[in-house]
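There are structures below to look over.
Two complexes, one shared chain (chain A), two partners (chain B, chain C).
Right after this comes the complex of A and B.
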């Protein structure tokens, strides 16, 4: 994969949770989240835009996995009229809620 | 990952009485242990006397007189004499059988009495369907009297009387009630009508064969209600509902569940819009009378500019194609006249009228004039869509219309574009996928302890998170929300707009020009849930 390439044009980006889990996801999916899009935009001069790697100090691996699942779910269904449901386990809801607010997604 | 610690909630606590007795019993057991060598002499003729003096004689086990599968006899006995039960359990020990009866079995036997009624108390707060057991009913009334206002108690009594007398008319009007508890109408679900000829002893006449399904008449007029109890929307058998003279500022979309309504009166409230879901009720041929005015409803334009002498009644007389064509011709000439008259803008009402007549002529020709088309509401126009942020907040934007549900009170006219208008929001991001925030809130709303969830958040929790949780609580109180476009269950509305519909005068009751076009508030669950004007003509 292209996650180690320092190019900001690569097709994949890496999301890193605070407990060290790395998720390599498509850039188009990552850009659905407003905060990640801003981090990766070269115009904003964030370090993340250069490395293609986003560290989230306040999101753990389990939640970040759920977030990535959502990003792909969104990307897959964005043009559909009849969107299937995505389940979020009730025990994760508050943490996902916080993460969703932080990532503005 | 650790489960979130359960927050402190008011679960029905187990009764203190058995606990106390258990503690005593264990102490007693210690004292008595050495004094009980083996089986005491026991005869079936022994009189059961539960006193300290002869505690050897009564057999504890015998107190259970009933079938092994049903503890009712004992519980009943215990229920009637709960005090006796405890005093007995202090003295009577199971020392007789030679088989060690562990404390737990002993406990379950002796505490059956006190715990069962208490378990009912907890259950009573949960709305239940039967309500038929008189015992339960008495329990619930006895229970809640402590926390009830006098009006509420009277309301419950009235409902109880209706049940007892098989009366279908529930009259709670003019009581100055401000709120009604959510479960108040629950018992009415169990109202059953008796076949009439059973009383007389004669053979049934033809007119005795009336439907046994009750048709309730619910009068809540002349109160100060700001919201309606949720249990009302489950009363499918309501045929007359009067909400006249209250302080209602909005109606719940759940109102459409009352599909047996014949008469609905919502006059003299603070309503600015009607719920869009009500339209399905208005389409039903069952609903004969709907009284809405007076209410501060939104208008598409000032009715003073309306065509002179034209009202809904006149429209009703247009029952043949000739009359319609004449009317259309008239309107067109009026419009030409108005073009010269620039003082008052009367053109818009005229265009609306023309549109309406053309639509009706179309429908008339399509069905060959055979069908009674007076039942069908006709879509006229829609206001531009207001978009909300992910957390349901609204950002002021000159390109965005203000949200129709939070208009300042002095705005009476909300202009709309005939036939609907495209959404002002760029369509690139208009997707029907719910946001992750929304999904997480939906998931949170399935948790029973929803109102306490916000206590689990860190101190510095961002405001949007708190806001959506509050919204989830509100949605639960409203009995759930369904998107009017895609039918999905949602918490945070993302779009909102008003549609103007023309209701035929037959349903509209009194006919005036104020009653030509009614505002219906519609809400969508995602950015993509906006009106689809292409599909409008084929129905909704």
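Right after this comes the complex of A and C.
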């Protein structure tokens, strides 16, 4: 129980890509992605929820970085209108798209 | 180029993945299955969500969604059947089953309750676990739901698993022989009902457990379609609950009826309703509140309220004994089932009318002349009238209190109360209401309001108005009031003219200008007369007539028509009646005033009413000593005229009745009365009568009583006709006849007004409108209206419309 406490409460969570990059992002941002949210659901108490660390075996660092950028971008602009489009390099499009589907963003 | 290459690589990569994984479905599923088992045994913290999710994701990606779906449901079904059902079944101890089936047998209430509790608890736990685990699995299989579920329009994994719980746990065979307890669900219902039953009979039960199970039933659905009314709670438990409650309350209703106490009945029912509401809030579902209320209302109120109201300890008892709180409860109960509260209203109205009729009867009895031999009670009729008014007022107070306390100021209730009061006050067996009310006011104006504060006087006036409101025949009341008021004004009997005026202004507010205009005119006449009297005094003084024996004159000039005098003695009678002969001193003053009046208002004729006036005489008796021999006597004008005859008469001479009549021309009936008070009444025996008998007859002789003694210097004679008293039967019939005569005119006027406006009108409508127009003054009876219509047709105001059916009339201009 004592171990679990900090991860449940901590404001930040760590996302890890398959090539070992770690991204520490706000929990509120991470929760925008449905999959991550469920992963971290303290009620269900999966390993990720206990450790506060999410490994993604099918997303590499470049894409995960883009995903994190988007999550922050979304968090920042969620209440606004006429938001400028986020820049996504054309060569990453497909992979980001797949990641988004996987993470149900 | 670089981008292109990278893209191409990336596209290839997943394909390769799919190809690889496709071989691995069995292995992947095995992984998942192991993981699910861990979840179900609450070991999830060792599992990586990401890994499981990825497995499911891959399976779905390579279009094995359906297989996964089926595998999952099969897995869960097997799990439920093998593990959960077993646990639940263990809780179904035989004692629980038998008691449920056969009713309470061997096991004590306590045992049953604990067994039931255990079952509920176990079921709840199983359900809670299932919910949590299914939520977790659904999370893991999210991708399956999102992609496969959405494509195939399959219900989500979570919902399917919930349904599985329903089918394989709740609807599982309970192992009981009883058909009513065939499944776990039925047992659950039975246990919950039993526990509720325990609570109803006063035991404490574990509401939280029940609530949890109820929540479960609310979360599950009867069939695949998840509409509100398909929830298991509504399809399975609620009907059972309502049915059981119905039986229970039917039984309880019978039992309470047997106890036969309306008070405890209403208390108990009120408590039951509260309990049921509370139960729905704490134990069952809010959505049932309304339905169970209906059950209680139907069984305990709607079906029984009538009997309860009519119980010996019912409404009648409560009213009579001022049981306002239980009566209030009874009212609330009635209001629940019937917004009009028909039964209660009926009972209350009946009671009012009964009580009212008792009051009426008591008064009629009291006003009967006493049986011969019994001592005559003075002013018996008037006393009866006053008692009647007081009784009615106290009755009114009583019901006002009831209305305030018990009937929650219900507007409709007030209307019916008022109607009932009006009903008995105007009841056909008791026709003196108007007269009595007027007498009540009269009594207060003369005596009652003495030494009262303004507020108290206000109260009295309010009371009078309250009663007046109930009276239908306002014209009759007006007649009496005029009569009584005129006597008060002429005899100076009113304590306060201000209060009189207040009364009038109140009537004006209540009944309108029309009603009071004549009454107001009477006050005006009195004021004008005062001016006239002083004017006349000045006139005499200015003329310088040094006549010392001159009599002071205070005159009341009354407009004929506004005052009820002219009605007292009809016109013809006035004309034929011989003029009263006044003694010379008085006749001179009378002539003087007539002259004076003619100078002020030429062309007006004065008719003198000696029967209404009074006179002050100073009489010196021979036999008295000193100042005691001189008396100031106030007496009616007639008495004065009679006494003046004796002024110059020698002591030993007498006058016979016939003499006096001849010399004064006073009508015999009046004369008889005057002589009675002068010669018979012991305190004011100014004349001696021979023979000394109680009755005055034509042959009597009268002497002046020189030996008259009295302890007082001031005396008052002849109050017989002066007081306002209740009428005798004959007088009353006269009054009514007069009143009917004036009604005839009013009715005709109303008919003509209506017809003039409408030109043609059907018979029924004409009747209705006439009654409406006159309702403010009195309630005309239909035969009278009909005869007036006939009469108007004869006089060619109206004509029948030829050949119309139903009959109609046309106005002839």
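Basically, the second predicted complex is superposed on the first by the 99 of 105 C-alpha atoms of A that agree within 3 Å, B and C clash if a C-alpha of one lies under 4 Å from a C-alpha of the other, contacts with A are read in each partner's own complex, and residues count from 1 in each chain.
Simple rule for what comes next: contacts are C-beta pairs under 8 Å (C-beta built on N, C-alpha and C of every residue); 3 or more make two chains touch, one makes a residue touch a chain.
None of the values given here were measured: they were computed from a predicted structure.
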Could you say whether A:31 touches chain B, chain C, both of them, or neither, answering first, second, both or neither?
neither
If you stack the two complexes on chain A, which partner ends up touching A:10: first (chain B), second (chain C), both, or neither?
neither
Just chain B (first), just chain C (second), both, or neither: which does A:46 touch?
second
So, A:54: does it touch chain B (first), chain C (second), both, or neither?
second
I'd like to know which partner A:104 touches here: chain B for first, chain C for second, both or neither.
both
Counting only touches as set out at the top, which of chain B and chain C does A:18 meet: first, second, both, neither?
neither
Which holds for A:91: it touches chain B only (first), chain C only (second), both, or neither?
both
Across the two complexes, what residues of chain A are contacted by chain B and by chain C?
89-91, 94, 98, 102, 104
Interface with chain C, chain A side, in the complex: residues 4, 34-35, 38-39, 41, 43-50, 54-58, 89-91, 94-95, 98, 102, 104
Tell me, which parts of chain A touch chain B in their complex?
62, 67, 70, 73-74, 77-83, 86-94, 96-105
Counting only contacts in the complex, chain B reaches chain A at residues 1, 3-4, 390-391, 431-437, 439-444, 446-447, 453, 456-457, 461-462, 464-465, 468-469, 486, 488
Give every residue of chain C touching chain A within the complex, in rising order.
2-4, 6-7, 10-11, 14, 17, 44-51, 53-54, 57, 132, 135-136, 139-140, 142-143, 146
